[in-house]
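These notes open a run of structures that come right after.
One chain, chain A, links the two complexes that follow: it is found with chain B in the first and with chain C in the second.
So, the complex of A and B:
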């Protein structure tokens, strides 16, 4: 049971980081930016590259996050601002197209084989019968801190107030003197940082490859949509729901239900579970489980 | 070389069908379908399952169309109360769930190994003649599909679709049933994609889940957007262009002596970069949608306001 909780926590914080980024950008510019999952992969690969150059992982990760944030802002100004003038559907298709270009760049620069961070191996920590590694612990703490920091920015600072104002009513926000374009780019920068952090977090616990981003696409979207696209903290809850579903499907013995002693669902169905959950929720609650718009300003 | 070109031409015809089908959804009904490839998969697995269970090709085609219709209706039901971007993600999710199911239900579908040995259409003929006749058949099917699509979109149904795409609320107020029109579009487009999949299965003789990855859907999207969404000829031109570009990527790789993953990278760049360039600088595509020239004689029972709105948009 404790192991189950820990597995869920480990999976959900990384999903949550990227899903929150997706959701908060959506709340400002009204289109789901698929490229965000590729920002996550970029963060992981850049951090790996910097680590290979001899930097300690923490420093490499920080630099990678800032780099990805900057890339996100540049692409937003160069590409998405232009695409958005043609409509949100066009912008979404454009973000898919850009993701494919990212995949091509990853294939050429990092190669098709999966890679890992160089981490020193320590015996796993035992806690109430559950096991996890020190790297998992550190990565979860950093991710959780990042989510908390984002929530603080959103609800306790002037910037956060401007963000929520822009999300609720952009015209009125401009009228009151908020530079909505700058606010949007700040949020895009933050979303890039969080995506990179999420990507690094996922890679620390497993592998990274050129395909990491596209594999994450649907779980991330499932989390963000479950939480109601545009609702940043809803996305965090959505990530928990997705992580629970994925972990449940693979870890629970369904044998007693059908009168056999053992029946485990194949691991490949873990992803299918989250997509299926997404489809079901969209059928029942088209705007997600939680309130879909940021209501308070 | 000749046989290779023949193969590319056949594939271009089959993708032309898929592009026509997606164009009907995207270009005319405004449906952002990111699960297009699973409608093609309905056709391939219809043919493969009929073959594996000892039925003939007619049963295979019927099974394929039955699958595609079921998926199309499910897509349409999902679209009842979803915004366009949510719906796009939902169709992508459905397509991926089905692909994962196909990969893992080994007993039924052969799993990742797929189903091989499906008979060729003109298998009794000698080598260059059989493929040539296949190309002829594909061309006939493609032209028939093109003619059908033109008839469909020039009809009042086609005009209703455009109205629903541009002004859904107005269409609703004029008494058009949005859901019925979208369902009909998806079913028709699904049957076209399934037909393409059926011919594909009987041409390459092998069917597997790797043929149904999401990247294939985005390739078809690139064909439609680059060719010109809302224009049937554009979709076909886009399909032929992308197929031939794809076919020559390996030669470029050999010329530069690049490693194998560069082929995948160059194809991704062609699809993604091509899409992006056209979306940013030429959204209407190579052959833009033609508005107003395909109008039928004024229909008697047609609401006057609807005609006025279309004139306005034109």
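So, the complex of A and C:
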């Protein structure tokens, strides 16, 4: 049971960081940016490269996050702002195309082989029968702190108020003197940082591969939609729901039903479980589980 | 008149060149992807054989060339590579691949194009069905899994959890091992076919653990096996009294961090035959290290057998090579031991050895 909770927490924070970024950017510019998952891979790749150059992982990770945040802003200004004038569907397709360009760049730079950060030997810590490693613990704590910091910014600062005002009614926000373009770019910057942090976290616990981002695409969209697209903290809860579904389906022993001692759903079907859940929830609550400040397109 | 003489001389010259034409064969190997380490090791064996053949005067009076193409560890790229070798380079014979799931489509294509196919790394039983013109230099999985099952039982482990990749190779290993193991009185607690190329196998490992087996039997490709071994270590699975048993130990541990695989046991191809010592020495001399894996010798033997067949046939036509290979394979002593083809062109005898990891691969 404890192991189940730990597995859910690990998976949740991986999903939540990127899903929150996706949802909060959506709340401001009204299109789901597919490229965001590739920012996660970029973050992991840059951090890996910097570590290979001899920087300590913490420094490499920080630099990578800032770099990815900057890339996100530049791409937003150069590409997405222009595409958005043609409509949100166009912008979304543009972001899909851009993420394919990213995939190609990853294959050329990092190659098809998964790679790993240089890390110390990491024996398991045992806690009430459950096992985890200190890398997992550190990564989860950092991610949780990042989510908490984002929540503080959103609800306790002027910037957060401006963000929420812009999300609720951009015309009115502009009318009251809020520079909505600047607010949007700050949020894009933060979403890039969180995506990079998510990518680094996933790679520290497992491996970095060129396909990391695209593999996360569907569960992250599911988490963001479950949380009510545009609702940043709803996305975090959506991530928990998806993580529970995925972990549950691979942990339940179906053996007794068919008269065998052990029969498990193959782990590759875990994602399918989260989609089934998504479809059911959308049938019952078409706007997601949690109330959103934004109505979907 | 002078012009005529020059032309005649040129004609004579070209005809001499044509008679002693170079022979070019092809190879499709995983030089990148999860099995890149093994693929490169296969390439080393081929490279050594080519150097040796050319130093000894080549084949049919000409030079021997081998064009090595990268499969990337993916069936579509492997097929593209094989098509390029057949249609552009027009090679009579192709050696390859490594993973059964890729060797089979490549072999099917070559058989259909009436070229000779030499399997040097795949052990799936399905390879047997490729048909005429396809030969295996390596023992197939009914033989290897039977050997592994007996070895596991002999160690006193009665309950086994099995994990292997979800492809032709892995399915073969799991079914054949299960068959042999239960026939010997053992019990399979959980058998998992994992999806290739994942960045984590934590979920699969936890499913395996639930059955509380005596031993974890696995067979996985280099990089994936490295991830499995590391995560098993991090979860503490296999650390206590239930060890890891690797089918093809050198394949499973080629990319693993030594700290995570210490104490694993397993079996592998006994890849050095009675007259393989000279080959082992040549390998050591050229690459400055012992064998990276158990698979390089098969590449070496494949080239040597092809050359023997071409010399015997006196021609580099695929049909002639194929017929001559049957004769050569009636009784051939290769670097990897005696290679004797059965009626399907598959190696009928394959020696194996029992190994363990104790600061490197050691006999057990």
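Simple rule for what comes next: the second predicted complex is superposed on the first by the 288 of 297 C-alpha atoms of A that agree within 3 Å, B and C clash if a C-alpha of one lies under 4 Å from a C-alpha of the other, contacts with A are read in each partner's own complex, and residues count from 1 in each chain.
FYI, a residue touches a chain if its C-beta (ideal position, glycine included) is under 8 Å from a C-beta of that chain, and two chains touch if they have at least 3 such contacts.
The model shown is predicted, which means the values in this text are computed figures rather than measured ones.
Should the superposition on chain A be reported as showing a clash between chain B and chain C, or a fit?
Fit - chain B and chain C, as placed by superposing on chain A, sit side by side.
Of the two partners chain B and chain C, indicate the one touching more residues belonging to chain A.
B
Please work out whether A:156 is in contact with chain B alone, chain C alone, both, or neither, and reply first, second, both or neither.
So A:156 meets neither chain B nor chain C here.
Would you sort A:7 into first (chain B), second (chain C), both or neither based on which partner it touches?
After superposition on chain A, A:7 lies in contact with chain C alone.
Quick one: is A:211 in contact with chain B, with chain C, with both, or with neither? Answer first, second, both or neither.
Second partner only, chain C.
For A:262, using the defined touch cut-off, is the partner it touches chain B, chain C, both, or neither? Pick first, second, both or neither.
So A:262 only meets chain C here.
Figure out whether A:99 sits in contact with chain B (first) or chain C (second), or with both, or with neither.
A:99: touches chain B, not chain C.
Determine how wide the angle is at the CA centre of chain A between the CA centres of chain C and chain B, giving a multiple of 10 degrees.
It works out to roughly 70 degrees.
So, does A:282 touch the first partner chain B, the second partner chain C, both, or neither?
first
Taking the superposition on A as described, I'd like to know which of chain B and chain C A:112 touches: first, second, both or neither.
both
Once the structures are superposed on A, label A:181 by its partner contacts, choosing first (chain B), second (chain C), both or neither.
In the superposition, A:181 touches no partner, neither chain B nor chain C.
Rounded to the nearest angstrom, what is the minimum C-alpha distance from chain B to chain C in the superposition?
7
Name the residues of chain A shared by its contacts with chain B and its contacts with chain C.
Of chain A, residues 111-112, 266, 268 contact chain B in one complex and chain C in the other.
Could you please specify the touching residues of chain C with respect to chain A in the complex?
32-34, 36, 72-73, 166, 189-190, 192-195, 197-204, 206-207, 210-211, 223, 227, 231, 233-236, 259
Which of the residues in chain A end up touching chain C in this complex?
The contact residues of chain A facing chain C are 3, 7, 111-114, 121-124, 126, 131, 133, 202-203, 205-209, 211-212, 215, 247, 250-251, 253, 261-262, 264, 266-268, 270.
For chain B, which residues are in contact with chain A within the complex?
32, 34, 77-78, 81-86, 88-90, 92-94, 96-97, 100-101, 103-104, 214-215, 218, 221-222, 225, 261-262, 264-266, 268-269, 271-276, 279-280, 283
Report the residues of chain A in contact with chain B in the complex, numbered from low to high.
31-32, 79, 82-83, 86, 88-90, 92-94, 96-105, 107-108, 111-112, 214, 218, 221-222, 225, 229, 266, 268-269, 271-272, 275-276, 278-279, 282-283, 286
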